[in-house]
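Okay, here's the structure, questions in a sec.
Per-chain residue numbering starts at 1, and chain names A, B and C are given in the order in which the chains are listed.
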Amino acid sequence: MTATWGPVGQESALGGFEIDIDDFEGPLDLLVQLIEKQGLDITGVSVLAVTDQFVAFAHQLHEQFAEAASEFLLVASRLALLKSRALLPRVEPEDEEESVDDLAERLRVYAAFKAVAMDLDARLRAGESSFIRVAEPSLPQPSPEPGAGDLMRLLSALERLTQVDTPVESLIEAPTRRFRVADKVQDLQARLRSQGTLAFDSIAAACADRAELIATFVAVLHLVRQRTATVEQSGTFGSIVLRSTREHGDG
Amino acid sequence: MATDSDARTEPDDAVADSLDGDFGLARTIEGLLFVADRALSAAELGGVTGASDVEVQAALRELIAHYRTRGIVLLEHRNAFRLVSAPDLADHCRRLLGLDQRRQPSRAALETLGIVAYRGQATRAEIERVRGVDSDSALASLLARNLIREAGRLDAPGRPAVFTTTDTFLAYFGLTSLDELPELDLDVASDEAAVRPPPDV
Amino acid sequence: MATDSDARTEPDDAVADSLDGDFGLARTIEGLLFVADRALSAAELGGVTGASDVEVQAALRELIAHYRTRGIVLLEHRNAFRLVSAPDLADHCRRLLGLDQRRQPSRAALETLGIVAYRGQATRAEIERVRGVDSDSALASLLARNLIREAGRLDAPGRPAVFTTTDTFLAYFGLTSLDELPELDLDVASDEAAVRPPPDV
């Protein structure tokens, strides 16, 4: 299985080639790189020249690329087929012929897209890029249609903000008074433990001002998210009841 | 049009003039004004381009003249410059943006709106401290949609505007008061997937 | 004249009227493209302006030619149009916007992007067939950067997602149209030889 290429006297077919495991992705990439290093055409029988190299490399990688092993094996088997066809008189049935042509075609297509990637890469390195306008239009717009808003999106935008980098407290810090959500959570937990359910109306009515109401409301959100409590509502404008998920009087 | 790189200037052709010499600066400033999300001062433009104030002013005059007949206008207000759509196109723009209204507000706008709603009132600086990013254009779009309004000014340096939500805000979300907020499906609101950082490329 | 439905006259209409008719449409479209925060299709522009498709296309060609030398360019992506800053002003824009030089996408991501761009649209399986390797994370990173988007689902087992490029893709690479991508260089003539990205989907 002496190849007609490569450094003389090398024991391994891989000797003298500096292809790192991190340098390529998948069998086609490896094959294209091997071929390019040989300065060969990507198509046809010239692929032969790198078959042993590829098979040896694929063998070596087999375990590291377990998820891609089948693909490597497939490519290797096609290469082996190519090689056998070159060494032996034509004995292959036609479907094998197809499979060889198929590999050549795949290599050609892949090499073309590799070239595209190189071109895109070069564009980025050249540093040219267009920017869109980020300003939102300042033109007066008609008032939004009543009821068209999605409250869930509003809340999820806010939740995201609180989770990413901002403590909830800073969100609801009122200009004059401060209410800590953590305090409200504790307060509600204690009341739920003793009472089992709480009407949101009564919780809200007990709030001194809007800031406290909001802190309380955010605390309710936290309890529901923690699954300490569930929220029930009878109908669209019905009263809202906060219910402990634990049995009343439990632990 | 004068795509000609020929340096000769035709006397009567203002466009050819504009391609002459310092058009490089004018087109750089044009691009900067386009991407900016606020009005830019001549000093800022000088800082970014490295051009002198005289050069920047000349380039701005040239651009103002160019945009006099176009669908975009270059406005000057207190020595700050901003590209806006031509005033007579307002109806067309409104029609276009009206089509957009069926779309939900941007996430930036929603975050800003949420902060104003939950705090009761907030200044731009407070909003930006919470969001960690410039929130000028988000505020502008909320004001334009009448979802927030200026409630007054703080008695602090610069007398910053204090924003609060409007009745339109309540109507938009189908609320009559804050009490109705908890009817949300919180599992969706707290979807963890939304906060995962994007994977590296 | 029995009806008087268009009695509303704005003083600025005189400006538009004084210009030649076609330019009136071009400058209206210019203003619309400026205020839009997304790419607009020719059909949308026709809907808002009331002009025919032929007229809109002619006005767009005029604007594209005009913006070829300016600090703003008009990019076309699959028959949708958007104004963006000129690619060569990228460094200035970054400085103004306080943006860092972005991280380079991986080659895996670029190969994947190339396949989607040239094919017009592609499923994950098609991409993996070409690349011979799992392309899930490359796709995820491209989606996160808004360089591709899901255009729909195939009516096939598993209903696989079909991906297509976004107009951000063009802007990101400083292209104004998919035509500016080089021809796909396939050595041997085949069905796929000399593939250019399709002009629209």
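Observations
As a working rule, a residue touches a chain if its C-beta (ideal position, glycine included) is under 8 Å from a C-beta of that chain, and two chains touch if they have at least 3 such contacts.
Owing to the predicted nature of the structure, the values given are computational and were not obtained by experimental measurement.
Comparing each chain's Cα centroid with the centroid of every protein Cα atom identifies chain C as the most central. Counting C-beta pairs in contact across A-B and across A-C gives the higher total for A-B.
Note: centroid distance chain B to chain C, computed from Cα atoms, is 22 Å. Centre-to-centre spacing of chain A and chain B amounts to 31 Å, using the average Cα coordinate of each chain.
Per-chain Cα centroids separate chain A from chain C by 24 Å.
Contact with two or more other chains is made by residues 34-35, 37, 83, 85-86, 93, 97, 104-105 of chain C.
Shown for chain A are the residues that touch two or more other chains, namely 131-134, 136-137, 139. Chain B makes touch with chain C in their complex at residues 1-3, 19, 26-32, 34-36, 40, 44, 48-49, 69-72, 83, 85-89, 91-93, 95-97, 99-100, 198-201.
For chain C in complex with chain A, the touching residues are 34-35, 37, 73, 75, 82-88, 90-91, 93, 97, 101, 104-105, 107-108, 110-111, 113-115, 117-118, 129-134, 168, 170-176, 181-182, 184-188, 190, 192. By the touch criterion given at the top, residues 131-161, 163-166, 170-175, 200-201, 204, 210-211, 213-214, 217-218, 220-221, 224-225, 231, 233, 236-237, 240, 242 of chain A touch chain B in their complex.
By the touch rule above, chain A contacts chain C in their complex via residues 25-29, 41-43, 67-68, 71, 75, 105-106, 108-117, 119-121, 123-134, 136-137, 139.
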